[in-house]
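In the two complexes below, chain A is the common chain; its partner is chain B in one and chain C in the other.
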Partner chain A sequence: MTDTMRSHGEPARGPSAAAAAVTTGGANALMRLTDPPMRAVQRLIGAARMPYVFLLPNLVFFGLFVFLPIGINIVFSVTGGTALFPAERPYVGAEHYARLLDCGSYLEAASCREDLFWRGVGNTLTFTVFQMVAMVLFSLITALVLNRPIRGRGFFRAVYFFPVLLSPVVVALIWKWILQRDGLLNAVLTTAGGEKILFFVDPGWAMFWSVFVSVWAHMGFYTLILLAGLQAIPRDVYEAAEMDGTRPWRVFHRITLPLLWPNLLVVLVLVLIRSVQVFDEVFVLTGGGPGTATMMVVQYIYTTAFANQVQNFGLAGAASVLLGVVLFVLTLIQLFLTRRRAS
Partner chain B sequence: MAGLELRGIRKDYGSTAVLKGIDLSIADGEFVVFVGPSGCGKSTLLRVIAGLETVTAGDIRIDGAEVTQTAASDRGLAMVFQSYALYPHMTVHQNMSFALENMGIAKAEISSRVERAARMLRLTDYLQRRPAALSGGQRQRVAIGRAIVRDPKIFLFDEPLSNLDAELRVATRKELAALHAEIGGTMIYVTHDQVEAMTLADRIVVLNGGRIEQIGSPLELYNRPANLFVAGFIGSPRMNLLPTELVREETAGPAATLGIRPEHVEPCAEVDADLTVRVDLVEQLGGETFLYTSADTGGPNGLPLTIRCDGQSRLTRGDLLPVRLRRDHLHRFDATGLACRPDPILARSPS
Partner chain C sequence: MKKAAWMAGCALALSILGAAGAQAETTLRIMWYSDGNEGEVMNDLLRRFEDKNKDVKVVLDQVPFKAINETLPVQLASGQGPDLARITDMGGLAPYLMDIRPHVKDAAYWEQNYGPFLQWMRVPGNSTAIPGYMTQLTVTGPFVNKTLFEQAGIAMPGANATWEDWAKAAKAVADKVQAPFPVAFDRSGHRFFGLAVSQGAQMAEAGGALKPVDDGFKRAAKLVVDWHKSGVMSKELWGAVSGTAYRGANEEFKNAQVVFYESGSWQTAQFDKTIGDAFDWIAVPTPCGPANCSGMPGGAALVALKTSSHPAEVGRLLDYLASEEVAAEFYARTLFVPGHIGLAKKGIAYKSASPQAAAALKVFGDAVGKLDPVAYRIQGDPSSRIVFNAAISRLGQVVVGETTLDDAYQRISADVAQQIAERKKKQ
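For the complex of A and B:
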């Protein structure tokens, strides 16, 4: 740096130049420090293998915290007992899977040997269907409104995105405070002359608010994806439609929706994946109740492994593997759709 | 087809006036080209006519009917956009039939109109393709076809050739001229390319700073520019503008500025010369040569003077060249920049 400045005969001046000099100086010092060992490694393994050296830290991280737990989970799913170390657990084969899948009728949880698992599956399915419909519908409507030149558009865009930044537990606690027996909403209802509603005692209300809170918390993210899609539709296509005498509903139906379809597909699959994984918000909000009315699959896994008096890691592991397979398939679909969109 | 009348059209964006009072009449079947530099308001004027922009003041009449507040969809006009603006998810056939479906026209009639337009534009083989599978020229033809099938009162073209390469632009220009001759519709065409304007227009409207500088046939504008702006804008290379002191007094008259086109500056014997110029750059085009020269005015920079010569030239940079300005082609402009009338061209002009 100094040499360069000298060669131009124009020394750098001012605080920004000084900061740049310090940064560059620091970078140079770091390079001087790391250069010899890097050269030594390269001499040892060859330049072609160097990318793997740089990939190694992340690979180790993923190996320890993702792939290893998946492996352990699979081992747990085919072993029994309450011991924590796999070596101490007796091999039971597909026993846990058989237990989970042993049903008189898959449409009736009570006929299943592991009825709580199937209640969780049923609840998760109900939650997923309602959440997907509500999420896509409200995200789309919000994106369409925010895409119009309305007053305070930037403010509203921020407002709808803020809940995404909150922790799911915080979201659930806020809404629990609003919805509980003596919460804000019941205070408003009674002030307006109405009666208190026990939202967490009625199974219908509990599921409704589980879906509502989840939509409220995540809608901003999907709105953003759809808004980006809407803004990618060229303005002159709409002007051409206007010149062609297209009525507003037909513009939406024949122009906006088909051109937004790739984004909508991505949103649909992402919402589906997240719905199947739902746990924290609903668990904190309702605890899975009343009874098992809002108990999702992931809560079943958590309870079976950690919260029950007898910790059945094997059964929970098997349920995790089954859920993992479902998520894997859904992720493949999402990747396929995203790549098709990109191409 | 229909005529168009614009009276006192103004368009402001906040405190910025983009159109500052446009008055214009376009006759039924006329091909009118709006031309002007970037930001002169030509596209805005077209969009105002289309109904895609509202006016701040003024009236728009189509075939005598007031349409100033009428929605774009109800004006019965068709527009060809610079970017084509085709519906990317629809086939060529669907693109061309979409507006007709909106109008509730019967399917048989739609098919007949689309096929007729496709034949006219050589698109029959591409009707089932999507725009992404077409070349730029084909897309432009689809955009034109989409306008034709509607049988609009007026065709509006917003720089339709600007996204095409030079060769395709020339070919499509010819096709547009042929199309106008065939269907005879009223067409309004926006461009910044004066070759397009000169070759396509029945009349050219030269716009500058939101105002009309001159309206006239291409040759009227070329031969009798109303002011310095039009003189400098129409013609390529542009007209040479000279202070009157450079030319012998008897030719200058009362004008403040003289204008002369490059083809009207002739190399001559020194004894007949009005000026002696130094050649700065020679552009050999084969059939003609442009000499970019400068005349010595005594100042630090010479006065630029462009000369067009037929055929090829052996002159090189630095050569001194005595030139004569053809008296019968001198344009005179007063101190405000307006053309002094009558001038020699006016006297000679058949129009």
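For the complex of A and C:
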């Protein structure tokens, strides 16, 4: 039965039915148009190879815009100089990697030859740990609340999701206006009799607000994933627990959390990968300061490649490759965990 | 009837085609940034040029200053780019600049009026190329909020006052009137060197080899760090961002939060326009250090780029814009210090300037004459921006306590050496 038929078998009438008919007609016409060439291709290469034909457009797209840039980046990382075209760049081997990894102690950025890279690594790690904990915790709490039959639930779901739709730069600028010396928050503080706080001059505050703004901006997305997981948990499990008189905490601990674990895992891995890649929001909000207190690895790469007077694409390329390796490992972990869950 | 209609139609089509042919144009694109109204003024001048040169259309692409510094070099390195651009990093971009000498009417006019600044745009070893002209000559120097001094009842330091005199006075004023920024410096290596040159920084050894950190540099760096420690300077400018990021204090000055603001002549027009009569502000001569009372010269040049495929038209356009009459109008309407020797000698009539702005421009004009030769040499050095960036990046770390001055000196020298070595690597 098509959409144009009502549930009891009568043909649908009105504008929606007409639109559906047009869509179906259009799809049929398209199929008639593409059928002969596809049959010809199938005759030529055989039915078994046809999936590759359908994969080809995507492969070309990925090849051009993902694999080719990765390849070029690797070439840049083993070449030096300031020329932009790989053919004009002298081969330097692992020189950039050696420079990046040359440290007295990896725990002390100041002992490293490329200290700013390691400061970026340290800051990114700090950001990632705090961001993961805060994001998962607040997304989970929000999803649990929004899953309950509260008044205005639809409204609140929209409210929490709204920041996700905003550009990261817009989000950072809004919060910058709130947090700056003469911003909204300091106005509230002084009105309440307090002192102004220079949030962007204190390293602790700057990192706190970087994490806070990032959680505020992206929490809605992860809340949605967890909410979908919560709604997929069968109601009868809760009803059985209720009949047994199970306490709420035990219900959460023994039913909700285990059944939500697959979604939580997805959220954890996504937050982790995104945290490692963080740049735009923090860069606009704090500029990497004070000093280098919120300068992340990606900002180091950007600065090395573009903001310095001598644009060191080779060093930036090597740092990108190292970051790529970390992300690749994280993705493998995600795949491993997802597959283990599936099996 | 039908035939007549056909003929009329053909005639109309031919006339349209003919008109299109007559209008066949070469389009030139200029990448341009503005601090004040100079984009607006330049557009006026370009429309007049187009009226006289019907075969050339000029498009002024106005972009943020950051795009000039970060996007344009990448474009040029990849062989792309506009026909002309307004740039400040003349030494760094010199390899990409086109020599328009064959396309200008009178090369001697250019040498005579723009000669000293043309050297900033030439690659080392070249002493003849004409890549463009100075849309403005800038000189670093301080602006002072006179009203805050009056409200505090504290006298301003007099002529030949030192940096320390001004810092002490500005702190006293700020404490009395509760201003958050006693002294503010733009977070810029160029501005830092305005102070460093007066402290004796040379940026070179006796033999001429580049030496970023010397005793003069160290004296200036210590002053800046001490001022941050004692509250003379707020960490909000130099400490609040990382790396080479520029941060100006012009907004803070306009909001009367700064007592003494070390910036430069290019701010005059926007202060004149935005401060109005909200408070009295003045420009004062650059304070003195143990070596001299010099600031740093600088400026912006409109240059022809090798990426242009219309060198003759670019030459014609630059000939027009750099002509005495047109340049005089540009400098006068933008309230810029002229980068044209002849006009500088004659003086520019800044008709649209308020008495405050005119007085400030007079101070900066006089300061040009007091610039130390070392300051000119540093500005013209192709590696100066590397040193400026390294200095600002590392001193910013010292200001917030991430590192010490001694470590910063070592890092600055290492950063500069590494970047210069990278620049020298060729296939």
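Here is the rule we use: the second predicted complex is superposed on the first by the 276 of 343 C-alpha atoms of A that agree within 3 Å, B and C clash if a C-alpha of one lies under 4 Å from a C-alpha of the other, contacts with A are read in each partner's own complex, and residues count from 1 in each chain.
Operating definition for what follows: a residue touches a chain if its C-beta (ideal position, glycine included) is under 8 Å from a C-beta of that chain, and two chains touch if they have at least 3 such contacts.
Just so you know, these numbers come straight off a predicted model, no measurement behind them.
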Room on chain A for both chain B and chain C (clash or fit): fit
Touching partner for A:N312 - first (chain B), second (chain C), both, neither: second
First (chain B), second (chain C), both or neither touched by A:G63: neither
Touching partner for A:P234 - first (chain B), second (chain C), both, neither: first
Partner chain in contact with A:G288 - chain B first, chain C second, else both or neither: second
Partner chain in contact with A:G71 - chain B first, chain C second, else both or neither: neither
Comparing the two partners chain B and chain C, which touches a greater set of residues in chain A: C
Which superposed partner A:T246 touches (first chain B, second chain C, both, neither): first
Partner chain in contact with A:G194 - chain B first, chain C second, else both or neither: neither
Gap in Å between nearest CA atoms once chain C and chain B share a frame through chain A: 50
Contacts on chain A seen with chain B and repeated with chain C across the two complexes: none
Complex interface listing, chain B residues touching chain A: 50-52, 71-74, 77-79, 81-83, 85-89, 98-99, 102-103, 146, 150
Touch list for chain A against partner chain C, complex: 80-85, 87-90, 92, 110, 115-116, 181, 198, 200-201, 203, 286-295, 299, 303, 306-312, 314-315
In the complex with chain A, residue positions of chain C that touch it: 69-70, 73-74, 77-78, 89, 92, 180, 234-236, 239-245, 247, 385-386, 389, 396-397, 399-403, 407, 411, 419-420, 422-423, 425-427
Touch list for chain A against partner chain B, complex: 234, 236-237, 239-247, 250, 254-255, 258-259
